[in-house]
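Take a look at the structure set out below.
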Amino acid sequence: MTDTFELPDPDRETPRPSGWLSPHEIARVRAAVPLLYVDAVPVRVDDSGDVVAVGLLLRATPEGVMSRALVSGRVMYHERVRDALLRHIEKDLGPVALPQIPSSPQPFTVAEYFPTPGVTPYHDPRQHAVSLAYVVPVSGDCRPQQDSLDLAWLTPEEAVSRPVLGEMNGGQGLLLRQAMAYVGRLP
Amino acid sequence: MTDTFELPDPDRETPRPSGWLSPHEIARVRAAVPLLYVDAVPVRVDDSGDVVAVGLLLRATPEGVMSRALVSGRVMYHERVRDALLRHIEKDLGPVALPQIPSSPQPFTVAEYFPTPGVTPYHDPRQHAVSLAYVVPVSGDCRPQQDSLDLAWLTPEEAVSRPVLGEMNGGQGLLLRQAMAYVGRLP
Amino acid sequence: MTDTFELPDPDRETPRPSGWLSPHEIARVRAAVPLLYVDAVPVRVDDSGDVVAVGLLLRATPEGVMSRALVSGRVMYHERVRDALLRHIEKDLGPVALPQIPSSPQPFTVAEYFPTPGVTPYHDPRQHAVSLAYVVPVSGDCRPQQDSLDLAWLTPEEAVSRPVLGEMNGGQGLLLRQAMAYVGRLP
Amino acid sequence: MTDTFELPDPDRETPRPSGWLSPHEIARVRAAVPLLYVDAVPVRVDDSGDVVAVGLLLRATPEGVMSRALVSGRVMYHERVRDALLRHIEKDLGPVALPQIPSSPQPFTVAEYFPTPGVTPYHDPRQHAVSLAYVVPVSGDCRPQQDSLDLAWLTPEEAVSRPVLGEMNGGQGLLLRQAMAYVGRLP
């Protein structure tokens, strides 16, 4: 849950495209329906498709606390899931990450982030978000964008180690472990 | 896409629960974000889990045209996907259908119903709905509820025959064929 | 990898059915090709399909060491995977376990047990076995059969606790954690 | 089911590696246990992962009948499934096909080829083969090898058209349709 809901830039001249909401509308929608998200676990693979590294974003909260995050973001109105996945990966990893978006829409799991903690293992205080989760191999050059300080490539074993998981929020540490279980790399 | 967005009953005394929207709010939300749905393909299975029959709802449109439909409906605010699945199956098949809700949230596919025809094979003129699709064995007594005229149990071969598929709308015929492919029963 | 390769009983009069091999043939085949297995994780679920308990078999090795195991066994010649799954569950949990064999043949993972440790996380010193792994809800009365001392129902949290995992062999502890990741119950 | 069981070359001096069997042994094993196979559906995808073309091999039987086939072959003793997948793709499409082997071992389906027609929709007169089926995007230059006359790239719609399916054997036409259902491209 790392994106910023695509808040519109008040200074831009062009009309607001469909899918962009005013802050007031965002608040209304957030209290009314579950919002559709995608989560992507960026990985490096070898020739046999075996995962050799996992990419985690390093971010700082406004309070200065460091956290690690998966690529995550909202699916907009009239946007296909696979296009949302590509857009968020390019937004977070840069335009030459060369992601291999899955050919099937079947996610490895569905993460249900509830505003109330404890309903599911995932939590987002802002909203009820339901996220389709995918493992996405990237073969290109990845550079952290925007609000990320760094992108770290860790082995599967390092990525699910206790110190790293301790820096992930909202249940993304669990989602990462589920991804590693799915690719057969849970230590 | 068979449900009616749970329009509130104006005569009921109890306060509107979270997740129920006024008609005006529905229109606003529908134009703003993709809505999360579930689709269920009810099936009868034998002892080995092999699908022997598929349940299709028979409905009449306000214009009197007959159509066949899967169990389908919206996931509400603060509702888990598995609870939405159970609720819609009980709403359409009755309280003693005894559905076996999947233990995993992984759907067999994700159907993206767009308001614009042709973007994906699925279409819903009212809204952009993204539906998690599951095959759900039911072992109890199923009785069509509410707005359904009948519930027909067809063999997989009959269910994906041209006449039957011709009575399904919005791409649900494709979704049914995908379900049969998933369970290994596509003729 | 708990089964005993269905060694034929030398005293039985009836001819050996197809799929039953002599000890010499077993040794030959084992050194020649990977053998196809199924692994089943028996679970209890609630009305919403959420896993509430996991069934683990308790066994004693010839040396008297206690171990815990999943339901596991070979797919025989001319036997369907779903029939092998049903047969092994009935063999290990008894004839009235009422398993809900999955309607789809898609396993949640494929566990590759190698005779050489370290090639994959799974290990079987006797052979190269490739196992299709399924989560199987059981709703009936389960009684350990044959060589099992007990069948214990544990919560997902207990089942993947360190002491319990320490009693599982050949990588089945990992397979159990993958199953819990798949059903969204990895703690 | 296109491979030739890797018959050893009698003239080669080097010792037969593990996994290579004599013709007599092949016959014995084939009558004793199900053999593990992989099936790959080679596809071209666009930047969003959407399948735009399917690759089908064109072969001639010894009788001169033309047939179309998926990439298919046996998993050898002590070989990982992902390595078998890579080996068979390189064998059939050449060394620079640049296949994207799936990071997860979860197949989209399991095809059970029985020597007796009608048990399942798949049939192999030589043996009982159980095949893990994967969709594999290839981004490089593909050249048909060995016994293939050609590799044709068809749109998903063309690939599952009646004339093309009519040229596929043993149920591979069904498997192709299941693959298209899985990637959301069944017409």
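Letters A, B, C and D mark the chains in the order given here, with residues in each chain numbered from 1 onward.
One rule holds for everything that comes next: contacts are C-beta pairs under 8 Å (C-beta built on N, C-alpha and C of every residue); 3 or more make two chains touch, one makes a residue touch a chain.
Since the structure is predicted, the reported quantities are computational estimates derived from the model, not experimental observations.
Peer 1: Pick the pair with more C-beta contacts: B-C or A-C?
Peer 2: B-C
Peer 1: Roughly how far is chain A from chain C, centre to centre by C-alpha average, rounded to an integer in Å?
Peer 2: Centre-to-centre distance between chain A and chain C: 35 Å.
Peer 1: Can you list the residues of chain B that touch 2 or more other chains?
Peer 2: 80, 104-106, 108-109, 120, 182, 184
Peer 1: Counting only chain pairs that touch, give me the topology of the graph as line, ring, star, complete or other.
Peer 2: complete
Peer 1: Which chain C residues qualify as touching chain B in the complex?
Peer 2: Contacts found on chain C: 43, 45, 47-51, 80, 82-83, 85-86, 100-106, 108, 135, 137, 182-184.
Peer 1: Applying the document's contact rule, which stretches of chain B touch chain D when the two form their complex?
Peer 2: Residues of chain B touching chain D: 109, 120-121, 174, 177-178, 181-182, 184, 186.
Peer 1: Can you check the complex and tell me which residues of chain C touch chain D?
Peer 2: Touching chain D: residues 18-19, 21, 25, 28-29, 31-36, 74-81, 104-110, 112, 114-116, 119-120, 128, 130, 132 of chain C.
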